[in-house]
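Once you scroll down, you'll see the structures, which are given as structure tokens.
Look at the two complexes coming up: chain A is in both, with chain B in one and chain C in the other.
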Partner chain A sequence: MTDAIALLVVVPIVLALVPIALGRLWDGAGWVAAALAALAHLGLSVTVAAKVFSTGRFTYAVGDYTPPFGIELVTDGISATLVVLVSVVTVAVVLYARRTGPDSNSFYSELLLLTAGISGVFVTGDVFNLYVFIEITGLATYALVATGRSPAAALASLKYLLVGTIGASLYLLGVGYLYIATGTLNMADLSTQLQAVGYDSPLVLTGFALLVVGLAVKSALYPLHTWQPGAYAESPDSVTAYISALVSTAAAYALFRLVYAVFTPAFDAAVPFALDALVLLASVSVVVGSVLAVLQSDLKRMLAYSSVAQFGLVIAGFSVANATAVTGGLVHLVGHAVMKAGLFVGVGVLAGVAGGRTVDDLAGVADRAPVVSAAFAILAFALVGVPPAVGFAGKWHIVLGAVEGGRWGVAAVAVVSTLLTLAYFARVVERMYFQDAPAATTDTVSGPDATATADTDSALTPDGGESGSESTDDAKTTGGSGITIEARTVVVAAAVGAVVLGLFASDLIAVFEPVLEVYFQ
Partner chain B sequence: MTEIDSLRPLAAVLLPALGILTIVASHRRPNVREGFTILTALGTFGLVASLVPATLAGTTHVSRLGTFVPGIDLTLSADPLGMIFALLASALWLVTSFYSIGYMRGLDEHSQTRYFAAFAGSVGAALGVAFASNLVALYVFYELLTVATYPLVAHDESDTARKAGRKYLTYTFGGGVAVLAGTVLVFWTTGTVAFTPGGIAELATADPVVARAAFALLAGGFGVKAALIPVHSWLPDAMVAPTPVSGLLHAVAVVKSGVFGVARVVLDVFGPETVGDLGVGLPLAAIAAVTIVVASIIALRQDNLKRRLAYSTISQLSYIVLGLGLLSPAALVGGLLHIPAHAFMKLTLFFCAGAIHVETHTDDISDMAGIGKRMPVTMAAFAVASVGMAGLPLVAGFVSKWYLLIGSLDAGNAIFAGVLLVSGLLNVGYFWPIVYQAFFQTPEDADSKPLVEFPIGGARVRTDGGERSESGEQSEDVERDASGSEPETAGSEEVPINAAEPVDSEVDPDVEPSESEGDIEVDARVEEDGEYAVDRHPSDHLGDEATDDGTDSHDADSHEGTSLAEADTDDHHEHHGGPPAAGWERRGFGEESTWFMLGPITVAAAGAVALGLLPRGMVFLALVQRVVAEATGVVF
Partner chain C sequence: MIDLLATHYNYLVFVALVAIGLYGVTASPNLVKKVIGLNIFQVGIFLFFVTSGYVDGAAPPVVHGDAVGTYASPLPHVLILTAIVVGVSLTAVALALIVRIYGAYGTLDEEAIREVQTE
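Showing the complex of A and B:
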């Protein structure tokens, strides 16, 4: 049904009201609503994807108002894939948050709002509508970060609020400039109108600059990334997993659509300086993000800076204006979402087992959490770029595209990024596997035994002091080691997904190809 | 050359992966777990061996796994060059599995499941490298090999081991990065990365700057694992790993994968003709020649046996690269034949070193005088392998060296023949003393080893003309402190020692005290004015032997870690090893060690001899000749 594409946004919004409405009467309303919404979203996204893969790109006029005056929703191979990604991540996080993260009605409400916002970003075909959905996403995220309940979380949320709103406002200004220049807000229409106006018109150039800067803030590109480490580190684990996978992804996707659907490669041909500047910024982001990640001792901050670097890589791929590099950027976008979500959930689990959140706290944790540690190691090496996992596929295309485009600097940076990523992941893996746990001398306290001797050594308390919602009842269901089944499933599924995506990368690329062909005619 | 679709190359790569699962699953039952290792090794060897007749006949078995990235398929094909490496890796894995069992149990090592699982993974990745049919597939398995071997390098979990692991990852991933860059360049210029015997045609006509850059990146990237100078220094540090790892991986699988990569680049990506036209063959041969000589000279100065073997490996690997760089058919044959030849010989040597470590806890050559009495079969095998390393006839090393000598003369560069001959002499120089002192000397009358004992440049002279050595100063400090209460941090290597407290892992590994030692033994240990190495390091083996027999893995691990820490001879190093106070005891045939270790030692030595006596009969030479015939068109 063609309404599925609109329902992708509507269903989560409507179901977001349920926890608020029924929250007084029934405590479990939140989770049930979220679960229903996640499943419905999954069904809808699969329907949309099936339609796109069989018949190709299609559009939907909201409220039956015809574009360019009405709002248009568009789905092609790229957005269909990303919408499915949203569903999968939502299902995973809803599952995970039940026992680990905040289990409150307000949390689920905000999560569903966020789902709606992100889905909207991926399916919209109108630049102002994009702003609306970016704002919905932002507002929901500010609230979700604040559910961390600590002063640091509140501060991080406030910082994110301020910086994010400035970014969104810059984006809005850019939209305004484009509107003044062309009189339309529809993406497809804009592309023709902008060409008519002329790409070197100051209005157009300023609009582009504002749009790019605004979206760079939202996707946390250096030096506009300062909100991200705090937001990721202080929010609850389930929130971090969700927002790291999807929020910056949405912003980067928006950037992609703007550069190629609205401004088109013709703009790059007319004003090469624009994308050159973006390439430079992105490359710097890769290097600086990795260096900053190495300097971190807090695991979640380290992963946050890692995101800065990885998104630098993605946007570098987008800015080298040829099909290969853009393909690489898109593949890495999808792959990174899967890997980062898995890594954050893994970090949450391991930090709980180890009793601390820094790199050094993870010493010897592989003995106590073998499955999750193995999955974490696989995800880490996948992000480094070890084939056949998906990290390699994206990198290969970005490097190849850069070489094809004669951009040797980008190629060198992308290739060296492997070593940079290795720098901060290798020490974590080394601590996990090749160092002994500090409190345990020769024997490592094994899971089931620990519950009996839990009073002796608090550092090894198996029910994981960090995540507040665990109780001793959970020890029975978690097998005594403090790791919930859901958490383990999510991390392992992410690891498997990263490898499978890598092996079938060429199929993923085949989905993206028709779209890029149109752009690069 | 006909191709047929077959599952066997894929099965050969997947079987070790399956082995990982079974090994991990049976972690609670060590005997079952070891059984799975043996079974997997046997199965893999069987699969690979079953492919040999077809490859010799000219039929290549190919497993197509579909497109990996657009334009590049993931395909495994059992072509002759791949078969050389695959046959070698799988056969020697079988031998090493038995040895591993004896070694790990002899030392009562920790984390054996992780060890055996990572071993299986490494061999599986090595087989993937062997059978890969294009540069990208090779890169995939190359990186997986790095990831799989890292847990083995850092196995000890000591500070030294972790440092060595970090260095290993940095170097090998750095090499991988260079390979990736080179692969991208090749793909961009020619549109293909498939291995074509004789070289990819388009590279001959491509822009020479790009082609040279691609060659440099590829050869350099693979050269890291092939331990070419100056990117070789990860290898001596990786000797902190357990000896079967040093033997199979860092003498056979990992380093040979690097050389194999260079071989693929020279023969199947660029082709000998294009390499010659581009003029990059001679620089490669020159770097190899420098590595051969310099590494041998460094080896002369190593007292630790495994480090000496490591530098010998670095030197011998460059025989192969030299052959590949010289490009003449005879040189190519010699270089490629040295892959299995060196593998058998070096594995024997490493096995001997490991057996000595397990049985007597001796790691340093200066402690091994007269050890032939204690370990006759081991030292005999050592002697045989050393003869081969020097290139003397009847053992494998001679055949490959012969071809290399002919090849260098063919190529018109007699200097490389000179390098090979000098290298042979140097090999004798660093192996002969070990063999001679083992059989013909005793701990009391062992010859001094000035190359090992003295600092570079000779003993230093004091400004007032009197003679002093660095060690003399420190022994003064030690004596002064010994008269006091506790030894304090004097000199560069003393640390406060408190036998009652558990050992801090931050302690300088040079003088890592054991819990069983008190102050006096430490002082005795660090005295430095004896003339002979044995005097300078008086054996407290007798006192420690009682504790060592019941030693827990911590001691063994720390011992392995510390013995690697010295780079100079006047360092203080820990001594559990060396002959007992009464001298080495005589052991009869088969009584010196477990057959888990002696068996593989004799098999490997026998293999080295067999390869020397019947090179074609042992299949490898026939495969090599096929490879060279396909690559150059010359049947040698």
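Showing the complex of A and C:
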């Protein structure tokens, strides 16, 4: 049974070979292999999660070498949740890619390699093994970004490769410092050894700084985000949905593990300025990311900068260092993955209908694609933080934790970010619903406040299943707008998922709680 | 200071390589030279690991009969073997991308590509 953790990595990596091996004989091999791997991964992750929920944390020694000498794989409530998230997003993206493409066998190989890398990041309990998985994730992502046929995609991918590799190498250097200080690479062992070495040792402090900067590059915090907007904007829609949901999430999760499982809150107590610096970096990222998102006209770039801000918020939650804020950060991490994947698929669909993907192109698109538009609006307001969706649950706990911990700056930044998120999504939803399709003479826009509240109302009404099914009928009668059923299913599922996750946020928090209790005893 | 230079020159070389590599990545407008800079940067880090595993007068960790004397831990070197493999794959991907970029723009100069893009 415990083998299921290792199989989470092994199954996708082995099946990644199938599209290459059989691709010449059979064009459909890629999709079938990816679908099989995604379903197998889902089965395995549910098995792992079921075991974690019944018996708690469990570990697996790779190759039967006892930790701390061998590599250890660990799952607890948090990593099990994230592994299930990986499976669900993989299933959704494979479904979406069936007709949207990119239709090549190598694409599916790269996707499965990425699934393996991300699963590895979530389950590993060894800091060097984490480096290897981060690099597998990186390599697969660079290749996926470049599946966009344009030369701009190759350029964006190369930029990502250069910046991402420097980030990962800095992480490796940080691992080296910790290894020299302690002589171990196992996370659980490191946490006790580091305490023995002393948290104020220059080796440990430098190691911490290198690890944090390396992972901040990977999770695209301002000012280390420069690779991210280009990579998101130039890659094909299905790739953007996948990497925006999972790649930065993996890096932010790794940061969380390092800060709490390796360095532990005792490090924060001993050396408070380390996490103070991280709070500052994250807060700046929230504000600047949001402002840059407001300034974008390209929708994919807008969503990309929005990710810079949202990851700032998640990491601000992590660096407040009390259980409430960290819970908020984790809930927002999961929620952001669902919402951002749905939004990127939504942009892909709506851009196809509207014939362009700038904010102005979406004028009146709600009449032509009512279901997807409604789902997009729900996701947008979920990300703003309108209850009962999951965006609210995450942000609420981050603000609550920040106030508890006396970090008024973080609380203020979180509120400001909500307003700015509303600013960039409100103008999109306003165009979609309140402007006519020919962008010529439309009625003048009323005051921003009035439109914003009107949007909130219109988006909040269909928050359950009943009005969703009603608008599905609309779409059938409209028909013929070139939206694939798969794409529509994925966007609607993401919107429903965001709301359902929000409604059951307290259960999600109950899953995270036992893990965090150990860290904050 | 002289003492430090004499006993810790390996760490100074590590710092120098990392700095030269980072300078190459950021300062050179040529994409291939950026990748070369990246390689130098990574080699610097590899050197750091390898040199940290060096123990003066220690034997390689191959034990024949009774273990006498000191042995060097092989772990840092093994880690770097893995990291070298990762580095080679990254270089391969980077060069493949550069081939595509050169095919599309006909130049490897970053400034020139930017000019082509804005036109």
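Please note the rule applied: the second predicted complex is superposed on the first by the 480 of 521 C-alpha atoms of A that agree within 3 Å, B and C clash if a C-alpha of one lies under 4 Å from a C-alpha of the other, contacts with A are read in each partner's own complex, and residues count from 1 in each chain.
The rule we apply is simple: a contact is a pair of C-beta atoms (placed from the backbone, for glycine too) under 8 Å apart; a residue touches a chain by one contact, two chains touch by 3 or more.
This structure is a prediction, so every number in the text was calculated from the model and none was measured.
Asker: Which partner does A:Phe263 reach: the first (chain B), the second (chain C), both, or neither?
Answerer: Neither: A:Phe263 stays clear of chain B and chain C.
Asker: With the two structures laid over each other on chain A, which partner does A:Tyr222 touch: chain B (first), chain C (second), both, or neither?
Answerer: Neither partner.
Asker: Tell me which partner A:Tyr232 touches in the superposition: chain B (first), chain C (second), both or neither.
Answerer: neither
Asker: Does chain B (first) or chain C (second) touch A:Ile166, or do both, or does neither?
Answerer: second
Asker: Quick one: is A:Leu155 in contact with chain B, with chain C, with both, or with neither? Answer first, second, both or neither.
Answerer: It touches chain C, and chain B stays clear.
Asker: Quick check on the superposed pair: does A:Val386 touch chain B, chain C, both, or neither? Answer first, second, both or neither.
Answerer: Once the two structures are laid over each other on A, A:Val386 reaches chain B alone.
Asker: Looking at chain A, which of its residues have contacts with both chain B and chain C?
Answerer: Looking at chain A, the two contact sets are disjoint.
Asker: Would you mind writing out the residues of chain A in touch with chain C in their complex?
Answerer: So the residues of chain A in touch with chain C come to 128, 131-132, 135, 138-139, 142-143, 146, 151-152, 154-155, 157-158, 161-162, 165-166, 169, 172-173, 176, 179-180, 185.
Asker: Contact residues on chain B for chain A in the complex?
Answerer: 66-70, 74, 114, 136, 139-140, 143-144, 146-147, 151, 154, 157, 161-162, 165-166, 169-170, 173-174, 176-177, 180-181, 184-185, 187-188, 502
Asker: What does chain A use to touch chain B in their complex?
Answerer: On the chain A side, the touching residues are 381, 384, 386-388, 392-393, 396-397, 399-400, 403-404, 411-412, 415-416, 418-419, 422, 426-427, 430, 433-436, 441, 503, 505-506, 509.
Asker: Under the stated contact criterion, what part of chain C meets chain A in this complex?
Answerer: Residues in contact with chain A: 18, 22, 25, 31, 34-35, 38, 41-42, 45, 48-49, 52, 75-76, 79, 82-83, 86, 89-90, 93-94, 97-98, 100-101, 103-105, 113, 117.
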